[in-house]
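You will see chain A twice below: alongside chain B first, and alongside chain C after that.
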Partner chain A sequence: MADCFDEMRGANGEIRPAYAGLDAWLRDLEPDILEQRRQEAELLFRRIGITFAVYGEADSTERLIPFDVIPRILGAAEWDLLRRGLTQRVKAINLYLKDIYGRREILKAGLIPEDLVFQNQVFRPEMNAQKVPHDVYVHIAGIDIVRVDAKTFYVLEDNARTPSGVSYMLENREIMMRLFPDLFSRYRVAPVENYPDELLATLKSVAPDTAAADPTVVLLTPGIYNSAYFEHSFLADKLGIELVEGRDLLVKGGVVYMRTTEGPKRVDVIYRRVDDDFLDPLAFRPDSTLGVPGLMSAYQAGQVTLANAVGTGIADDKAIYSYMPEILRFYLGEEPILQNVPTWRCRDPDDLAYVLDHLPELVVKEVHGSGGYGMLVGPMADKGRIAAFRTRIEADPKNYIAQPTLALSTCPTWVERGVAPRHIDLRPFVLTGRDAVRIVPGGLTRVALQRGSLVVNSSQGGGTKDTWVLDT
Partner chain B sequence: MRIRVSHQTAYRYDTPASRVIQILRMTPRPHDGQHIVRWRIDVSADCRLTTQEDAFGNITHAFSDDLPTDHLEMLVEGEVDTQDTGGVVRGTIERFPPSLYLRETALTRADPPIRDFARAVADTAADGPLPLLHALVQAVHAEVLFDTDPTHPATTASEAFSLRRGVCQDLSHIFIAAARSLGIPSRYIGGYFWRSDGVTAQDAGHAWVESFVPDLGWVAFDPTHAMCATDAHVRVATGLDYLGAAPVRGTRFGGAGESLAVTVHVEQAAQQVQS
Partner chain C sequence: MLSRTADNIYWVARYVERADYLARILEVTLRLTALPLAYVGSTNEWESAVATAGCGKAFHARYREASEDSVKEFLAFAPSNPSSIRNCIELARTNARAVRTALTSEMWDVINGAWLELKRFDNAPGSREEFVRFLRWVQETSLRFDGSAYRTMLRSDAYWFFRLGVNIERADNTARILDTKYHLLLPAHTHVGGPLDYYQWAAILRSVSALTSYHWVYRESLKPWLIADLLMLNPKMPRSLASCYDNLVRYCDDIAEAYGRQGPAQRKARGIRTRLSNLKIDEVFQNGLHEFITEFISDNNELGGAISRQYLM
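On to the complex of A and B.
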């Protein structure tokens, strides 16, 4: 880990300016305070009820995501770079989706292989030639960013379907302000608590033309058994909109209504946290009980806006990811401000040969996996696991991509024996409306709590930190 | 040939359904081998039919009925002029390149037994996709027994193939799964079939397959009858599988004890002499 860039100490051990105040504060601190505060934070989180379910565990009960009391800090210049890069990337993603479901110029230009799109389950034929209000497909994106040195931020993943985690961003800040008011007095930290207002403004801005002057927005959740249900109810509450399940909505005469005690009420915008497959049993999986029968008909008729649009998976699919630099250049005629992680596509024979020769040093990902499942971290894997993965890759090369094992930056983190560096990433949330792209400064910083671990997913034992963007 | 179709669907509910919503794919479009003379849809519910076009160019009609009802009837009726084109289907609406029709769906997944079956057919067939498809249509017909008992609309190709039994839908799914596993784009077709034996009353519509052959285009194969589609076939809807071309997709709220009666009549229309 000696080779890693540390957010506080850089590569050479010198405290970086943004962390000077934190460093001084940490040194002044009574020894037991951090552990006390950590316990207080845990108590607060339990009281609020922030939990999530881990899939694939035998005892799949809800548990707390560990919260680390030491913030991650970004200077104003660093954030400016990220903000510009994120805005550029999400603009390109929206233009790409409009094209892929429209004229398909990028396929005609031969920049992306046709089969990667058309044979991809996340490409939705139903969206072909479908107009979406103001050409916005991805209203809410959660772009995962990692850092490898002082100047280089890589985009690790574009989450363009139903990204979650923003409730932790908001809660972490609230808890930090309660626990460490003195620390906030040393810094000018950009606020994040306006996120719900920005989100609501974004959603209202993309209401269909048929909507009333003040459109009705609802949040559609799969229900209490979903791992992110807490976030759904939390956001609905913060936005002041109704939290609904599929059975609370109905489609009549091509219009979507919400059942209320005063009779049906027209719905204009649905912030849906239900996956495409489950949205409408008449259009997608017929066995879905989570969706709204007829919703796609209403959507196709332009009577309701879905945020995000249907079929955005064809933008954040891991098979498409490696083409993002070309996508940015094609639609914007600009060089990407934020780089992709160098990626080998196992569908390409040369890349495949390289990957199979270098498995112990690479990270291999399933094209259609998520949440850190179905992934090989070469340097951490034993011979048996590498051999097993080799067999899987050889059987179905198309389904895998590989990347170098990145030396993710570290950040001081409170662990059992004191403060120690742990690897982190960052998920900023990018909002795109009719009028503007909005990004609340910061995002969700995830931290791999195991020493040396590079997997920050909460489903794999990761924790979170408050993320500070400094005003100056 | 001029074919007259009448397709009646009747739902009965023991306790009234409070709400019904349905999407119909029951309206044929013309192509080079098919001219629609007249066609109409009647629904018993007092509601508006909303006409749209789906991703694959099928005409859809959506309707919902909010009044509690213990019955719902639909009548589809019309006449179509057909020509035998040797199975070659031209003049259809194409929204996607053929490669889209290599996508796997839940109903058409090629499991190892279907892959092996497809490979074995390919190994013995003459070179080229067309002879291969002709061999495949014969092989599916010979391998899978037509039997209305063991399968239902949600039966997958894999399940039907392990039973070696099924209806036209199942035979079509097996053909599609096998053809796609060999890299041949294939799609599901829903429609009607005129029987030359004089029997006009049928329990359901018919289903077959179109596969894409380079330099020739889409060619229609009917595994139930081990032949290419002819002027006996009326093409109504297309999709990646049954679900994409289903004549009716719908849900109801309440309405326990549903019973469904379907009557299909396909007959040759009497030629009228124009004077």
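On to the complex of A and C.
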């Protein structure tokens, strides 16, 4: 990874303009300050209770995500490119979903293999010919972006189901402003604090036509044992909406109500952070206690909006991912502004042969995996692991895709022995309402704290940074 | 607000109040058992503590005899007793966590801090000194929690449901003390018992923090009928049944006004208060103190049920 692009020093070691102020500030700094501030930040996070649960770890039910005190900075031109690319991509995703659950023109045109859609577990036949309010399927998208050089940003993943992490985007900024007022005096940083307002406006805009003028929006959480429960309660609080669990809702006469102290109150829009499978025991998993019996039928009758819609997994599935450039061209007649990472589809015999020949240099992913699980990072793996993965791929090639090991960009990061470059990615949040697409300038920057590591997932020891977008 | 949220808030309040009450009962029992038998009679005070806590049945399912160790363990620490002080604090914290944003951060700090601190007190009651310190700590926790609620909560339905929880629990607790000790307050008893009961009377007043108030209100030495009057009918005494019902009516009415609708809970609360305010203490004795208290406990439970059905389900 010696020749990867550093966002502060560029390829040739010259400080890039956006980072000039940061560089000067870092050089003026008393040596102990960063460690002191890091500890202060940790204390603040703990007090606010911004914790998450790691599945499979019995001992620590509430853990902190490490926070890095050095911000990641994007110039105005860089952000403008991202903003246009993200808007374009999410527009196409919504058109694609409407088509897949509707007329299926893209399948008729032969651009995507049918079995990839129909035999996919995340495809929801219940949504066939189903109209969703205002044709918006993905109201909240978290698009993962990586960078490889000064000009190239790749889309790594489209999270179109229930993307999380936005509470970190908001709290990281609050904490940075509190800890480093001096650094902020050297910069003009676009605010992110209006995200909750934008989200609420988005959710209200997609209420069903039957809803009252001021629709009732709620946030549906699986409950306090969910790993993202903090984020759910945080957002509900910021939006000023009720945080409901399945048992707080009931469906009567095809309408969804929440049980309040003043009797049943009609609910128009549900920002749900519960997966499709658990939404309604009558329609999906019958053993689910997290959902609401009858919710799906109310949804199908157009009495309530679910955000995101049911069945959006068929847009962010890793098997579909490699078709995104075609999808963009097909629906918009435009060339993608943000490129995909070059991807080999193991279902294709030629691609499979290439992948099997080059395993030590590739990243291989399970089509349905997430959170960095079920993934092979060739250059980091020993022979045994590569051999084991080869057997798995050969047994079920359809289940895998492969990508080159990207030289992810790095950003200066405070580590035990001073400031050192570490690999980063970016998850901006794209909101789509009836009226507009909204993106607050910034997002969640995740950083791989281990030297050389490319895995930024919080469940695997990644940390986060505040993300600054400048006005120049 | 969500019924579940209101329900959680109501129960947080009840559990904290109950923990406080148990701590006071245990403290008073320790005092009584430190007196020579000649002063208090040969009753088993530990047995009486279990009865006052309202869990005689559950206790005797586990222990044959009420001794200092078994009662201390059962009422304060036993995980198997759903109403032990430990369980009350844990349940209060669980309820609080589920509705964190509906409580103020000050309230969360108190209850979460208490829950963390609880781990310090092991299951073994340890020395008396340590145990007394534990009981003090429980009472301080409840004071701080109540105080934070009073100082920091918005005066809206969340606060009213919180106060309903406190007052239903408090009325129940005061009634239970009277229920266990009523025979000590009967006029006939004074002739037989005489000064023997003095310390028992004082203990009753202590268990509701009313010993000093008694002297201010009546300016007399302890008289059982006056004690009964103070604990049941005097609206100025914060733990009296009358005072609890003044509060219950007030908060029920606040809710009804905000929601624009009266219901069974309001009517029930008002009915009980009217009864309490029209009563004279000699009528209570004439018609039977025990009967009155039994009926009150059941009325109070019914109000709890009515609040639940009307708002919390």
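Going forward, the second predicted complex is superposed on the first by the 468 of 472 C-alpha atoms of A that agree within 3 Å, B and C clash if a C-alpha of one lies under 4 Å from a C-alpha of the other, contacts with A are read in each partner's own complex, and residues count from 1 in each chain.
Everything that follows uses one rule, which is that contacts are C-beta pairs under 8 Å (C-beta built on N, C-alpha and C of every residue); 3 or more make two chains touch, one makes a residue touch a chain.
This is a predicted model, so every value here is computed, not measured.
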| item | value |
| --- | --- |
| First (chain B), second (chain C), both or neither touched by A:N128 | first |
| A:S233 touches, of chain B and chain C: first, second, both or neither? | second |
| Chain B versus chain C, judged by how many residues of chain A each one touches | B |
| Chain B versus chain C as contact partner of A:I224, first or second or both or neither | second |
| Which of chain B and chain C A:L243 touches, first, second, both or neither | second |
| Partner chain in contact with A:T260 - chain B first, chain C second, else both or neither | second |
| Residue ranges of chain B touching chain A (in the complex, touch as defined) | 19, 21-23, 48, 50, 52, 54-56, 60, 62, 64, 66, 95-97, 99-100, 102-104, 154, 240, 243, 249-251 |
| Touching residues on chain A, where the partner in the complex is chain C | 49, 224, 233, 236-237, 242-245, 247-248, 258-262 |
| Residue ranges of chain A touching chain B (in the complex, touch as defined) | 114-115, 118-119, 121, 124-129, 250-254, 281-283, 286, 293-294, 297, 300-301 |
| Chain C to chain A touching residues, read off their complex | 1-6, 97-98, 100-101, 157, 161, 255, 259, 261, 311-313 |
